[in-house]
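Chain naming follows the written order as A, B, C and D, and within any one chain the residues start at number 1.
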Amino acid sequence: MDIAMIGLGKMGGNMASRLLRGGHGLVVFNRSPEPVRAAEAEGATGATSIEDVVVKLNTPRAVWLMLPAGSITEEVIDQLSGMMSVGDVLIDGGNSNYKDTMRRAATLADKGIYFVDCGTSGGIWGLSEGYSLMVGGRPEAIAIIRPALETLAPAVDQGWAHVGPSGAGHFVKMIHNGIEYGMMQAYAEGFEILRAKREFDLDLHQIAELWRYGSVVRSWLLDLTAAALAEDPELSDLRGWVADSGEGRWTVFEAIDQDVPAPVITLALQMRFVSRQDESYAAKLLAAMRNQFGGHAVKRVE
Amino acid sequence: MDIAMIGLGKMGGNMASRLLRGGHGLVVFNRSPEPVRAAEAEGATGATSIEDVVVKLNTPRAVWLMLPAGSITEEVIDQLSGMMSVGDVLIDGGNSNYKDTMRRAATLADKGIYFVDCGTSGGIWGLSEGYSLMVGGRPEAIAIIRPALETLAPAVDQGWAHVGPSGAGHFVKMIHNGIEYGMMQAYAEGFEILRAKREFDLDLHQIAELWRYGSVVRSWLLDLTAAALAEDPELSDLRGWVADSGEGRWTVFEAIDQDVPAPVITLALQMRFVSRQDESYAAKLLAAMRNQFGGHAVKRVE
Amino acid sequence: MDIAMIGLGKMGGNMASRLLRGGHGLVVFNRSPEPVRAAEAEGATGATSIEDVVVKLNTPRAVWLMLPAGSITEEVIDQLSGMMSVGDVLIDGGNSNYKDTMRRAATLADKGIYFVDCGTSGGIWGLSEGYSLMVGGRPEAIAIIRPALETLAPAVDQGWAHVGPSGAGHFVKMIHNGIEYGMMQAYAEGFEILRAKREFDLDLHQIAELWRYGSVVRSWLLDLTAAALAEDPELSDLRGWVADSGEGRWTVFEAIDQDVPAPVITLALQMRFVSRQDESYAAKLLAAMRNQFGGHAVKRVE
Amino acid sequence: MDIAMIGLGKMGGNMASRLLRGGHGLVVFNRSPEPVRAAEAEGATGATSIEDVVVKLNTPRAVWLMLPAGSITEEVIDQLSGMMSVGDVLIDGGNSNYKDTMRRAATLADKGIYFVDCGTSGGIWGLSEGYSLMVGGRPEAIAIIRPALETLAPAVDQGWAHVGPSGAGHFVKMIHNGIEYGMMQAYAEGFEILRAKREFDLDLHQIAELWRYGSVVRSWLLDLTAAALAEDPELSDLRGWVADSGEGRWTVFEAIDQDVPAPVITLALQMRFVSRQDESYAAKLLAAMRNQFGGHAVKRVE
């Protein structure tokens, strides 16, 4: 099928390549021109603007956005909503908040434009292994873009699904990321305890490799952990500074809004906050309290 | 090689079958006779007592214990230590505490008997997929039992490793289980939030299946989750009562003994305690306090 | 001073009494008439409507709202904003979200009406012991209502303060409640462990009383705990069902928005969710997973 | 009454003073001589050795130990058990593990010596305000030392109690400290969020003072917090490094042994571990995983 990809970053660029390898006709646009050139070299048709993307597609158009969540996505959707036609399909494959998605879908529906949200997982490995795609929106819109979904996914009938109405795709992707935080933290804690047991002098890379086969904790994240530990199990040159994207915190907000306890996912998020604190005021205050009631020694800044 | 298996429960029985299929000569013993009969039908040599096991093996003997952690393991090791000879190898494949293992290994070493601890993961699927084996002990002992390890593991050189001295195998298995608790809780929380979002009417089985391919959270536990959700995504006839074996709590004790924070693993354990409480005295006391300071209504037992 | 109180529930009714005892002239209004009658009996001037409240006060008017957070507060503020005059002071003593407060203050400032937010703590004991008052807004507005604040507080110069601009009062009260959740949960857990130690047959009421004097954990919440345990330390007729007001969850949202770890406050909130769940889907799924991988027995609904 | 105090550190020294002020006859001993001199100056009889303590008391002797938990306590009890007589009372006022206490009580009972465990709270303020005393042991032994308990406590009938058999006193003190950890962490988190809200420029000392009167969160720990914040609310010269004594972790072990969820107390302990980590291997591993799956940037050690 013919489809456009707007946003050729780490995710969008690879997805464009996978679509081209799948034999689709692809129009591409990116704010900076280099990724457009690269995609052209692989057979894509470069566009010089968002308007040019719209011009270069036949109706019903299918335009896939792969942009950072936030204002740029809002802006591009606004622009496209003025250019696209009844029956066109606009897909947001980024990590947008599902509430924004529901609002945008309603606005676009008023103009007869289909809005499909596609939570996309798989990272930089998606190019070779395929992407996990959680799709929300109207069935007739999803029918139109199905050939692209089948190509992007690991297999024609695996790793993608139409999970519900508009917003459901981004909602499911949000929870996916919350689970991911919890799993990552579980591995990280486990390996830290292994490492702390100095008397056994364990080889953490060996253990990660061993667990990859036959164990209950085998997973793709463990495969990656083994890869990360291959060179230097001490991770000596890394700083323990861990970013978080919006979806982890949205998961926590959602759990609270639903009165659902999600203690492990929530703590995994909070441990990332901890990792980014140079110093903890809370800990200072604890030290000060202990000093007050017990005369316990405190450590002073030198 | 020739080897004995003592304890033919869910784990030991399947391991016996896998060893037999691998062409090893196997002597088997179990407290109740039926599993012995079953193993004989597959080609094993049944023994009528622990003494008979020892008699039926040539030296250096290799005896694999697959018993519940605790007093029965202690008792059988005591018995065998009086019957086995210098150079024999006794393997504990169960979930023993690594501190017990270190003590037992020292005692047996005094008699010239090798003691090998083998943390074993894989559950009831190990028969077909192979077991993950975390092996601790002396290299010369492990060399003796290597053919059995290569058969039990998923592949000759995958899923098993000699991770360190006596105790290290059970230590690594213990942490494995701690990680498992954290991962399971992460999935469980995520699926509970998905389910709570009634407006999207999500199909939890569909989502579990979808995530199995290409997503960051794909894992064997997710494969099992998908299987569990296949029949009834509501799990209507299940009670939310979750047991825990010793290894989760030992992981928490170890983390605390090492001054290592392991908040997610610890909470995953505690949520299992919660699942088993009919009522929480803590929650009653919270309700009573709120009533005291704010005059807030409490719910009375009817 | 002359002041009006709108909302004569558990909090507002007691505050009206305390103001009357302090010699202030008080106009009162409540949706249902009984509390108005009661306040009149104590010397208040009853009003028949919000308009009547405004009519019965001289300028600059001071009107104190003691209403449930949410739509009713919004509605009454809207009404009053159309009736009050430049230089009047409207006080919101309820548990409003500080972001709503900031918005309302800006709207009222456009009309020249002062809006003061007063986070109020103390519960039903405030009548006799005085209220803790966390006040946000313009200094000139707070100067006007200072006599009322000095009467409501435990002492003229204790237990109340002007903590910052509009919103700061409700913000500080919000965090106050977050801390309260954490403290309550800490006590609740401790007493549950004491109770679980059946071999010592501890008298929980005795221990709460003992700790009230000289111990590091002495507090007003402990005083209340002792009172709650006086009759029946088993709390036999109470259900462990714990409500939460908005402020606990807002504290968690705020912490996350600020990238501040607040694990204990957050968990205290989540344990209240747990207390209100009849059954946990997460726990069911854990049981189902254990059954899948280990063949572990599950408990079935009978 | 006549009593001896062995161990004149921060706690024991102050307790000696309080006993002397209460008119008791006091024999004192300490490893280093200076505190003995100081107590002599207040009216105590100095002893030159543990044997000398025993010699200087009439029977039935009462000897109070105020020593660090661990080997020194074990050693001194061993020594005294060989010197004391039937009917004498040995009191352990330190933070011993209640299981050690139960064992010691049984051993001493065989010799006819009473062993009383007295969990002691109050810190350096106990001298002036009295100590909270949680007493375990035989009623007849506690009757003997009752005059000393009444003096040490805040009032004759407040702040001390005979809570159960041997071990119960230290058990209750252990849980007391667990609760203390949770409360402290709740305050610490709350104040950190207040501080993070830079737009309100809150005065944390003012807020702590304000909450001391009338609020639900008023407590002795809050009084101390206010004192700690008086000089420098930023705590600029303090490091956020927080020690923990044995009792917090013993509380967690006990909760787990009892299958009781104690998530807040446990996390409070773990946040102290976090405060003492220069760098977190777990966080490094999280950063490494994110880099592996998403190509996310990591921070390198410079």
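The rule we apply is simple: a contact is a pair of C-beta atoms (placed from the backbone, for glycine too) under 8 Å apart; a residue touches a chain by one contact, two chains touch by 3 or more.
Computed from a prediction, not measured in an experiment: that's the story for all the values here.
> Under the document's definition of touching, what chains do subunit B and subunit D have as common neighbours?
Where subunit B and subunit D share a partner, that partner set is A, C.
> Among the chains, which has its CA centre at the largest distance from subunit B's?
C
> Do subunit A and subunit C, two copies of one chain sequence, contact each other through the same residue numbers, with over half in common, or through different ones?
Mostly the same residues form this interface, as more than half of the numbers used are common to both chains.
> CA centre of subunit C versus CA centre of subunit D: separation in Å?
About 33 Å separates the centre of subunit C from that of subunit D.
> Hey, how far is the Cα centre of subunit A from the one of subunit C, in Å?
Distance between chain centres, rounded to whole Å: 39 Å.
> Per the centroid of Cα atoms for each chain, what is the distance between subunit A and subunit D, given in Å?
Here subunit A and subunit D have centroids separated by 48 Å.
> If I count partner chains per residue in subunit B, which residues reach a count of at least 2?
123, 185, 187, 189, 192, 216, 220-221, 259-263, 267, 271, 274, 280, 282, 293
> Could you pull out which subunit C residues touch subunit D in their complex?
121-123, 126, 129-134, 153-155, 158-161, 163-165, 167-168, 171-172, 175-183, 185-187, 189-190, 192-194, 196-197, 200-203, 206-207, 209-222, 251, 254-255, 258-265, 267-268, 271
> Which part of subunit D faces subunit B closely enough to touch in the complex?
216, 249, 252-253, 256, 259-263, 266-267, 269-271, 273-274, 276-277, 280, 282, 293
> Which positions of subunit A touch subunit D when the two form their complex?
Interface residues on subunit A, with respect to subunit D: 10, 123-125, 184-185, 187-189, 191-192, 195, 220-221, 224-225, 227-229, 235-243, 263, 267, 271-272, 274-275, 279-296, 298-301.
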